[in-house]
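Here the chain labels run A, B, C and D in written order, and each chain numbers its own residues starting at 1.
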Amino acid sequence: MIIVMSPAAAQTEIDNVVARVTGAGLKVHLSEGKVRTIIGLIGEKKLMAQLPLEAMPGVEKTIAVTAGYKLVSREFKNEDTVIDIGGILVGGANLVVMAGPCAVESKEQLLESAKIVKAAGAQFLRGGAYKPRTSPYSFQGLEEKGLELLAEAKAVTGLKIVTEVVDIQSVPTVSAYADVLQIGARNMQNFQLLKAVGKSGMPVLLKRGMAATINEWLHAAEYIMSEGNFNVMFCERGIRTFEDYTRNTLDLSAVAVLKNLSHLPVIVDPSHGTGVWKLVRPMAKAAVAGGADGLMIEVHPNPAEALSDGNQSLTPDNFQALMNEVGAIAAVVGRKMA
Amino acid sequence: MIIVMSPAAAQTEIDNVVARVTGAGLKVHLSEGKVRTIIGLIGEKKLMAQLPLEAMPGVEKTIAVTAGYKLVSREFKNEDTVIDIGGILVGGANLVVMAGPCAVESKEQLLESAKIVKAAGAQFLRGGAYKPRTSPYSFQGLEEKGLELLAEAKAVTGLKIVTEVVDIQSVPTVSAYADVLQIGARNMQNFQLLKAVGKSGMPVLLKRGMAATINEWLHAAEYIMSEGNFNVMFCERGIRTFEDYTRNTLDLSAVAVLKNLSHLPVIVDPSHGTGVWKLVRPMAKAAVAGGADGLMIEVHPNPAEALSDGNQSLTPDNFQALMNEVGAIAAVVGRKMA
Amino acid sequence: MIIVMSPAAAQTEIDNVVARVTGAGLKVHLSEGKVRTIIGLIGEKKLMAQLPLEAMPGVEKTIAVTAGYKLVSREFKNEDTVIDIGGILVGGANLVVMAGPCAVESKEQLLESAKIVKAAGAQFLRGGAYKPRTSPYSFQGLEEKGLELLAEAKAVTGLKIVTEVVDIQSVPTVSAYADVLQIGARNMQNFQLLKAVGKSGMPVLLKRGMAATINEWLHAAEYIMSEGNFNVMFCERGIRTFEDYTRNTLDLSAVAVLKNLSHLPVIVDPSHGTGVWKLVRPMAKAAVAGGADGLMIEVHPNPAEALSDGNQSLTPDNFQALMNEVGAIAAVVGRKMA
Amino acid sequence: MIIVMSPAAAQTEIDNVVARVTGAGLKVHLSEGKVRTIIGLIGEKKLMAQLPLEAMPGVEKTIAVTAGYKLVSREFKNEDTVIDIGGILVGGANLVVMAGPCAVESKEQLLESAKIVKAAGAQFLRGGAYKPRTSPYSFQGLEEKGLELLAEAKAVTGLKIVTEVVDIQSVPTVSAYADVLQIGARNMQNFQLLKAVGKSGMPVLLKRGMAATINEWLHAAEYIMSEGNFNVMFCERGIRTFEDYTRNTLDLSAVAVLKNLSHLPVIVDPSHGTGVWKLVRPMAKAAVAGGADGLMIEVHPNPAEALSDGNQSLTPDNFQALMNEVGAIAAVVGRKMA
């Protein structure tokens, strides 16, 4: 960390800062410029994080030079993490597809969806049993009944199951049915839930919060990993901006940024990321070309009948077309689809 | 809700939409323009919310004309809600101040803080016992020990206690010590937690999510009220924008917007809202002039020693000055401080 | 346009709105719901745009259902526009690459850059002679001397020249040297300049403003086209968000959105769009996979010596690698490189 | 400036950076930590700005510690600037009000507006003769005819005139009629125009760009001042965020930030800043309480008849009420209205 003193800082103020910092067990490195003094701190991040330096007289600002996360970083582990989920590998040179309806609505809808996405080549079935919804009056999901249907679809098709967990209490229940626990965007900084899925040891798909910086997202993953669970995947699903044609702005550059900073796999969800089904196929292709390790796609046997997010769901035909297109891109960027 | 059909929509597509909508129990109102047809829907919002109309062929977009919330709205209840918290009234012509340290750190720090804010005229003591932090390695709060200290400070000073609750499990515990349950920005759409505090019947201070629209915020309050708990206060604490001089951009216009749309009280937190102690006094004055029902201010006996957010905490002297300034503003906008 | 009346609107208020609208030569379509009345307007957009309806008593809000642009729209012209720039075609199935240094710095730097990008397969040389810079004390470009160097590089390599024009006065001068006039992000809504380049008849590359919605961008292009100049290309270069790891957030979904709404070609600039050279190659691949008609890439013979934007410039080797990678993607998405 | 080297940087890479920097005439200050080396630069900002350090091998990032502006800063001039505009003082303890219609529409409309705002106590008449509009088909202003009407209103009422200038060519013409040249939000970084109004010597009201950081805004003012024109006023008019209830998010914290960083006066425009007339009065009060030196308010004799922005214009009665309310606030924050 670097402390930038005000040009008007008195020598006693500089001395006080130095005394406070060294008193906390850190070493300092003073740089006296023509205009101002800059103080570099050397030592443990944890100690630095707990000093309220900007409140000290004479301090103009502090600048962090190193990240507050460790286990998620490339510096901690240089090679790409590959997660084995019941034989399906995520990460490395593999490309996976997670597809299915936004919400589990009924046995027929789910089984039909599962067969469609299986036939088109997906490895995972997605489907929400617990649905966080903006309004308390919207459909909130079938809950445990939905989990049972997901298990049934798994039994029939062999697809792995990825589904959202929305509170600590239901972590054991969801873990009993699912192969991957999804943390939704609204819960990216629900730290109690992050710790709970960390303790569960289950593979976790961590969606980006709608206004989360990449730095915060990496820290959220660190919460899970710091509980000993290294099976974490990021899922970019768009951030909130002023643009209102799309539901969110899908930040594909986040894929390459994460690949530089972390060893963990990165999945892209162009369905939520755009909110418009016509944009899903081009953005899926872009995601794979840009380095994504997988895709999460909403597919519905009949989007016009869906109970939620029908507007961004693909028809079976469109999904098949997407898989063909993505397969062609994958081939030229050195990815193999399972 | 209004359905805007594409200019290229075929008559059969229009007919299909009408059939789907009327089949769901809604009435339609057709408007055939020169360029396109527009279909107005009349009936229950709940039914409309579950129709994925934008996925139907020929539909260009849908437009909501009425809100998805009800109990929070001015239309539901025209007069301002005044909440009685152990004799302290929030809302109406009253102006309240909630002040104290970001985190409860120790008995000495908390009691000293409590005496300072009490002496300066605050009615509520704020202080976090459970602290959501970006990094798992930062100070996470004293937890139940912190709650006990808050209770002790209450016993000594008579101040009411407002403190954050971060998960469902601790709602009963926090309720046993606190007068107001705070829902933090990161949990504004933690719907399970909203329902739990709704069921608790406790007064709730609902902070705005860092990228939440006012519309989503109103819906979050509706989650609490739909459980039968009408003691809800909003707390504006800044939104995330591209501006990086301040920690957040304090959206004071939200106060007047909420006052137009809802009957619930609105508190403003300029400490988190700016992240810079020098900006807290001017923004506190602005908030009261702009119609806020109260302020939430971080005060620390010695900000330079604080374990969290010292950079945005006021010294006792600055807090006293703020109270004097705010009192003068309150007098000319027709507010009375308890 | 649709006028949503307040639930509390009096009948006289509704009558007044209807009278005002019909008095302006528009037809109305009344829809009386249980809660409120909605008034649809039928007639010329221009007339509607000039009615300040939201200021009329009883009006809650107005909702536009059709766009305010015409010539840029797919509805006006369904087939993709292909622009012939001295024999190089932009749009349709073609993929073009515009590359070169951020700023023209010297004869040696520019000629070396030109040879590098030509050898790697680019069709256009980019390079700024007039440089808009945040600080008045930063390097502002070589101005007309820079244009002369661009012309010399064109004579030597045969590359077409794309360079920015920053004010009306220099439109004739820049047009004398360049093949394409670039409108920078900061000038996207400099309407006088848009009209001037419209009148020039020159091909125009219109960069997106850093906080411009796609809708505003389409309108900016309409300014140029409404002067009779149909040779307009969009250039996505990132929007401003809260994310601070990247200089901007490159909005690749804008490509597919523009392709749906407009017939004009779309170029993507991942250099400015990310600000980080390590992200340029993956985002270039993503852009082409996602449907871009071309790329604009910063290349410098020696980025570490560049006078501006060296941090986002590619070395010659990295640019050659990009061209190879992009060529492979282009082949599978049905694009041909000139 | 501080250069943060990568933990993996080789000694030769560090040496190269040092050589490059010292070769450019700067001094360095090396700090070798356990994990990485940090290099502080001492010397002229101008030299630093031209080094593309992040492109050098081994460099992770660079961090600016001092601003790139000078004349606008509090460090350059500690006391508040007070600008004398024909006898009306802006800045210091004064509070000024600029009011009038968005656009000059007709002689009757303008004169009536002028009399209303004069009677209510404003010192300046605002009104657009040149109107930048999103669509080329919207009303673009009366141009020079509008300027003549403004001059006539000035002759009748004695009000000073503030009106927008949209291109370099019309700077002399507008200067002949106006007392203050307004630079609109879309032109905040139209650097050619900034230089031209700088050279004009006229008082300038510099509106904030809709996605401009405060830092960029300060630099834009520096462009004007670096031409020798010290009569610059900032005008906060809202920034673009995801919130869509308001047209923009009025950033009142910018007032206090600017007051800390600069000596120049700050005006607030709650009309454009919110876009909703109901929010104008509360936000005007908040602005003055928060330290603004003045207000810019849209007033129209009959908002429901306005050719532009009627939705955010106040009626004469509402404006009078605003002046009364603001006067009461001004009294308690030590401001005097002229």
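Keep in mind that, in the parts below, a contact is a pair of C-beta atoms (placed from the backbone, for glycine too) under 8 Å apart; a residue touches a chain by one contact, two chains touch by 3 or more.
All values derive from a computational prediction rather than experimental measurement.
Undergrad: Tell me which has more C-beta contacts between its two chains, B-D or A-D.
TA: By the number of C-beta pairs in contact, the winner is B-D.
Undergrad: Please identify which of C-D, A-C or B-C repeats the interface of A-B; the criterion is that more than half of the contact pairs agree.
TA: Having compared contact pairs by residue number, the answer is C-D.
Undergrad: Using CA atom averages as chain centres, what separation in Å is found between subunit C and subunit D?
TA: Measuring from centre to centre gives 26 Å for this pair.
Undergrad: Round to the nearest whole Å and give the separation of the Cα centres of subunit B and subunit D.
TA: 31
Undergrad: Taking the mean of the CA coordinates per chain, how far is subunit A from subunit D in Å?
TA: For subunit A versus subunit D, the centre distance works out to 38 Å.
Undergrad: Please list all residues of subunit D that touch 2 or more other chains.
TA: In subunit D, 211, 240-242, 244 touch at least two other chains.
Undergrad: Mind listing the subunit C positions that touch subunit B in their complex?
TA: 2, 4, 7, 29, 31, 33-36, 38, 40, 42, 63, 65-66, 75, 240-242, 244
Undergrad: Inside the complex, what are the residues of subunit D that reach subunit B?
TA: Going by the criterion above, the answer is residues 211, 213-215, 239, 241-246, 249-257, 259-260, 273-274, 276, 278-279, 282-283, 285-291, 325, 328-329, 331-333.
Undergrad: So in the complex, which bits of subunit B are touching subunit A?
TA: Touching subunit A from subunit B are residues 20, 45-46, 49-50, 52-57, 68-69, 132-139, 166-169, 186-187, 189-193, 209-211, 216, 219, 222-223, 226, 240, 277, 300, 303-311, 313.
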